[in-house]
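These notes open a run of structures that come right after.
Here come two complexes built around chain A, the first alongside chain B, the second alongside chain C.
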Partner chain A sequence: MDNLIELILLKYPKNATENIIEILLQIQEAEGFISAQSIIMLSEHVGVQSSKIYSVASFYDQFVFEARAKFIIRVCSGTSCYISGSDTIISFLEKEFNIRIGEITRDHVFQIETKSCLGACAQSPVLEINGVFYSNLTPQRIRQIIHQCKSSLQ
Partner chain B sequence: MKNLTQNDSYVKNILLGKNGKNSLLEETTSILTFRKNSKPIIFIGSATCGIVAGSLETKLTLIEYLKERQIDAEVVEIGCSCPCSFEPIVEVKLPGKNRISFKNITSDKVEAVLDGLFNNDLQFNNVIGQYFDELHHPWENVINISDLPFFSAQKRILLKNSGLYTPENILQYVATGGYKSFAKCITQYKPQDICNIVEESQLEGRGGGGYQTGRKWNAALQIAAGQKYLICNANESDTGSFIVRRLIENHPHLLIEGIAIASFAIGASKAYVFIRNDYNKAIEVLSKALQQAKEYELIGSNILNSGTNFSIVLVQSAGAFVCGEETALINSIAGKRGMPSAKPPFPVESGLFDFPTVVNSAETLCNIPSIILNGPDWFKSFGKLNSFGTKLISIAGKTKTTGFAEIEMGVSITEVLENIAGFESQEEIKALQIGGPNGSCIPPSLFSIPIDYQLMKDKEIRMGSGGIVLFDDTTCMVDLAKHYMKFIKNESCGKCIPCREGTRKMFEILENITISQKNEGGHETLDRFKGVMQIESLANVISDTSLCGLGKYSPNPFLSTLKWFRSEYEEHIFDRKCKAGVCQHLKSYYIHVEKCTGCNACAVRCPANAILGNKLQPHFILQELCTSCGICFEICKFSSISIQ
Partner chain C sequence: MFLNIEVNNQIIKADKGETILSALNRNGMNVPTLCFLKELNPTGACRMCVVEVEGYENLITACSQPIEGFMKIQTHSKRVLNARKTNLELLLANHPDECLYCIRNGSCELQNLAQSFNINERKFKNKKFTLKVDKSSAAIVKETDKCILCGRCIRICDEVQDVSALCFIKKGSSTTVGTTLNKPLSHSNCILCGQCIMVCPTAGLHEKSHTPQVLEAMGNPKKHTVIFHSSSVSVSIAEEFGFKAGKDVSISLNSTLKKLGFNKVFEVGVASDIYLIELAEDIINRTQNKGPLPLFSSCCPAWIQFAEQYFPGILTSISQIKSPQQIMGALIKSKYADDLNLNNKDIFTISVMPCIAKKQEAIKGNTSISSFSDVDCVLTTRELASLIKIKGFKLDDTETQLSDAPFVNQSSASKLLGTSGGLTESLIRILHHKVTGKDINEIKQSKLRISKGIKEISVMLGETTYNFAVVNGIGNARKLINDIMSGKKTYHFVEVMACKEGCVNGGGQPLLSEKDALKSRIKAIYDSDEKESIKFPYKNPSISEFYQAFTKSGNKNILITNYKERTVLK
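So, the complex of A and B:
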């Protein structure tokens, strides 16, 4: 893991604070979350105290500091999706996995989150799983999508 | 494609205008713009809207189709032509024929549609129309695409080439007149000239503030500093709007050109694009376009031998709404917490890393190239009232046609709804929200209002970014206000106490209206009523004391829904009813005696033990105990439970 972070850091000039957020985003993409170790390494690279980096990172909801599930299902709860029934989708997923929003399934495979608007309002309601968008969300279709995710693990 | 050196000379020849009449250049331009093709070209919409609708699968099926039948055709990815509900869109240009456009081509329809096309037996129900072109043969009985109301009601300047070409392809952009304006600026104009042209055009910032762009630029130009920055604001986090996303996915080079001109005009050698990290497709397209602009030396040092140096850095934002506010944005780029700072000093005086900085929205910057090329008077010829030019809008929510459009300033909302959203009558529309959570809710009685910054301001309507969401009678306006308040409460950065605590309080009061405690005495109703009165005065305090627009305009969704839909609030407060059937807690559940089989399933699952009855006898619900959770309604297999 440390190597991975080193590789990310190498892409950015030293002591340049303008890249902190982008680097954090990349670390999160590579590691799945922001570890304490990665904050220390980043702090040395950009020359900013690690406590300051933590304070910046914790400001943005985007960043998480604990390991996350393999598939993060983000249901859009923005206005257009909200009025088109995103709540029903959320409760369907909650029942399907027997977890609440924000929680992770016991096998660490799925996690449900909401996002205020994914910018795909033309096809509301939508959800996104690891960067891929889905629309036309009938219960059957959602089950099919979940199934696809599961089978991609094998 | 030819190799880079040839293409490179094509770009330079076109931009520096040394070509005179050059048949080789013209030939290249015809090929690049698909006016001349020797084999069929199949275009597939590949912007986010297309992808969400399934264009990736369609593309695979298309390629498979061509391979199986050994048809030699080119497959080209295009952006989107913007009626998003038509996606996946597939277009075909057969040699010598007009380009024809098809809608909703999911992978299962590929075969039927292409079979029809190649065998001269068109599937008319999927045809959108054809692009007329004097050089080619038209399709019979197919409408001209620009005659469709969706397109004819628009004035497409920024979007003039939407969905026609591959967005990141720099050669196609140059072949259609792109980068000419930038070349003109750096070879013929001084920065002062450009600032003056933009000021004369009276272009108003499209990011919501409506501040005149030329004035801001002139102010920045006058300040002497070793370093200046230009920042393109592409944060777009207001819910229900997708303007910037579509703009960048379709026109990355237009944005780069606008940024390049703006930077040159204010004397900035470095520009930043601050873009939401969730917008992966837009980031991908913009990165590719930036790479190409670098390869063709339109970004870099000594651009087109003019001695101008200039670079663009793409910064991904971590997606907080408040980071769209310019000072918060600047703090975020500098690697700090994305909180607004007090103004003055304004960013123009002391912005990023304390240097003079101009922040402009992506849409504003995309207006620049054509203003420079055609002059301020040309720009001012668009716009029916006080505001000039055009405005991009996005339409979503309860509508048949969702989409992205460019309309002339001064066009009324009614015209937008009829022509672009495709409503024959407005009866089905209950209201619409423009400008996201900080914007305003507009009832049908105001739909005649023109899209114009000044006129809307006079009516206390905030256009914001121009994202429109439509509501019908399945939307509860109190619940909607609560939805917006929840968003704002979560997005408040917490710096100002009135914003942080006030928005939370407003949310609680709204929530209180939409839930019910069983066995209420009279005072709860009074409390709810007092709550609403309290919000009205709370709203003034928040507006007056908040540092940034997020707090200042945070009461808008509540105040505007209360103003126009007061009766709905009263119904919730006094009658404890939600006509739209949205507010879960205000629903009452009843069992139909005739339908109930007495299976007992509901009684077992009711968490409040509110259902009584003997097995195989009709059951009933004790209203005093019922919490309106709706579980019985969901599990009853005999549909014997009804909601009132």
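So, the complex of A and C:
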């Protein structure tokens, strides 16, 4: 992954500050987020302290500084969903991926989060993956969905 | 070129190109400021300094507007006062009402402004306070809620220190001041010089207090408490008690501290004398044995931290002699403990310093060769003043007392360590004696007494010309080291102090001090060099006994420390 960043940096002249945002965008595109390592490398390349890079980057909402998974699963934890068993869904997912809420799988493919009422109470329990809703969930259905996600990667 | 401008219906002279603020101040007129910092680029961020200028529709920030021609200015019109007051109320909207429990109560620029604008009710309340406090650093506490985003800390750390540990994070109402990736300060590239604390108008940044530990030890009958203070403290602490800057109270401070109940009170000067002698020896050894040269001084812990982070390649060129603070602690816990038949575990050593990095140095020292901590606590000048008040005393300048035995004396040269250049000046005195066997005639090195970021001096001693460089402000140090590494400059010895002008301007010194306080403190240090009788460290009778003991045991280990590379986000 350092190589990836190096390749990006090579495209830009050293000690030139005007490309910082463009480079940051490319790093995020390649890595999914802006890591500490990439900030250090960028800062050395353009000759600006890391705090100034971070200051610029944090100004824009599109930059994230933690690894994000390919699939971010947001399970609704609103009242309706809770009553219809959102917590069993959460523990099912936690077991399935061997991670806890908020965490991310080692291969950076899945991440589980909770969200309060997703606005589809009638079809509870529901979850959302990268903007797509799945309702009336059961463990089988979730297995199916996960399978779909995995196969879409190949 | 001078030109006339009109301020509040009065004609004053202004320099073409200077800011409105500077013209006003030179003419004895004031407008409130918050984000403005002398000698740094104005940002116009706080808008407290706005004035009304005829011909301009909007109010103008006096701190950033240069005067190019005739101007007609109102500094306190109704419109201006209203604008400033609203500004202030908006700042206060994001500020917790915590004054009573705040470390800056009584020395806060925001509080002072609120008072002078007669603000007695809360107009706006914007945000929920998170009360997030970063206590991770050994010496600095960062209280996010108290920050008013003036940006002074960011600018001093960047423009003067060239460390740039701090930055603005995010934007709009979510803006905060923090480090790269918003990591705790302890994981950042901060070198703990404390210069950001000195410019913080509120309690957004302040020192980590050691006062509770000191009170605890003082109340514990099993603890033998030993306190020692440095020359930079004794020329500044009087300011905290309402005296004019530049009053040297070293001997009155001794007697006050005795009254407070410490078992022993010393001045650190005796350790500084030992430090200087050892350092001189290090220079001579390295000169004779071909290096590595230059030798760098080791008395400033912020400088050490800076080198450990940014120049690991030169760590072997930094003298391994402990700083005076650590030497003093080591002497107390070894020689002094033995003499008094005390177990060094029962001794509690308190160092009073103008510096906050010394707090970290004391902790770092714990992992050194010895099995005990040389120094248990470090109080800043500010903390000691407050401790004296807590204990119900004030600084009594009529009573005087020498340092306790066995560290009664110190040379006046030892006191010069508080100023940038003073260390080198004192070293030259010793080197002269070591090389020629005689006292130097001209003790004063005026070239080193001027106020300048980088100073150089060459002195012929015996057959050899010794070249010295003196640098203060860590940004200047970075420049000088780059020149040395590239071979542009060569020296025998380089004195580095992280704070501009040296320790008298350290991060633990009085806040909101009067104009020119720094100059007066420096003058007080040089005056005492003039007045006092022991001017050479090697003539200090208090150290001869120690040197005999050292030579007998051949063991100077307690004077030695070591350095390690430190990887941080820089």
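Assume the second predicted complex is superposed on the first by the 89 of 154 C-alpha atoms of A that agree within 3 Å, B and C clash if a C-alpha of one lies under 4 Å from a C-alpha of the other, contacts with A are read in each partner's own complex, and residues count from 1 in each chain.
Quick note on the criterion: contacts are C-beta pairs under 8 Å (C-beta built on N, C-alpha and C of every residue); 3 or more make two chains touch, one makes a residue touch a chain.
Being a predicted model, the structure only gives us computed values, none of them experimental.
**Student:** Who does A:54 touch here: chain B (first), chain C (second), both, or neither?
**Tutor:** After superposing on A, A:54 lies in contact with chain C but is clear of chain B.
**Student:** Which partner chains sit in contact with A:25 here, chain B, chain C, both or neither? Use first/second/both/neither.
**Tutor:** In the superposition, A:25 touches chain B alone.
**Student:** Contacts for A:36 in the overlay, against chain B (first) and chain C (second): which applies, first, second, both or neither?
**Tutor:** second
**Student:** Answer with first, second, both or neither: which of chain B and chain C does A:65 touch in the superposed model?
**Tutor:** A:65: touches chain C, not chain B.
**Student:** Quick check for you: in the superposed arrangement, does A:88 touch first (chain B), second (chain C), both or neither?
**Tutor:** In the superposition, A:88 touches no partner, neither chain B nor chain C.
**Student:** Check whether A:116 is in contact with chain B, with chain C, with both or with neither, and answer first, second, both or neither.
**Tutor:** first
**Student:** Residues of chain A touched: more by chain B or chain C?
**Tutor:** B
**Student:** Just chain B (first), just chain C (second), both, or neither: which does A:144 touch?
**Tutor:** Neither partner.
**Student:** On the A-aligned overlay, A:131 touches which partner chain: chain B = first, chain C = second, or both, or neither?
**Tutor:** First partner only, chain B.
**Student:** Under the contact rule defined above, give the chain A residues that sit at the interface with chain B and also at the interface with chain C.
**Tutor:** Overlap of chain B and chain C footprints on chain A: residues 55, 59.
**Student:** Tell me, which parts of chain A touch chain C in their complex?
**Tutor:** Answer in residue numbers: 36, 39-40, 43, 49-55, 58-59, 65.
**Student:** Quick check: in the complex, which residue numbers of chain C touch chain A?
**Tutor:** Contacts found on chain C: 158, 164-171, 179-182, 189, 569-570.
**Student:** Write out the stretch or stretches of chain A touching chain B in their complex.
**Tutor:** 17-22, 24-25, 46, 48, 55-56, 59-63, 78-80, 82-84, 115-124, 126, 128, 131, 133-135
**Student:** Quick one: in the complex, what on chain B touches chain A?
**Tutor:** 48-49, 51-53, 84-85, 87, 236-242, 245, 272, 276-280, 313, 315-321, 332-339, 394, 396-398, 402-404, 433, 436-437, 467, 469, 471, 474-475, 480, 483-484, 487, 490-491, 493
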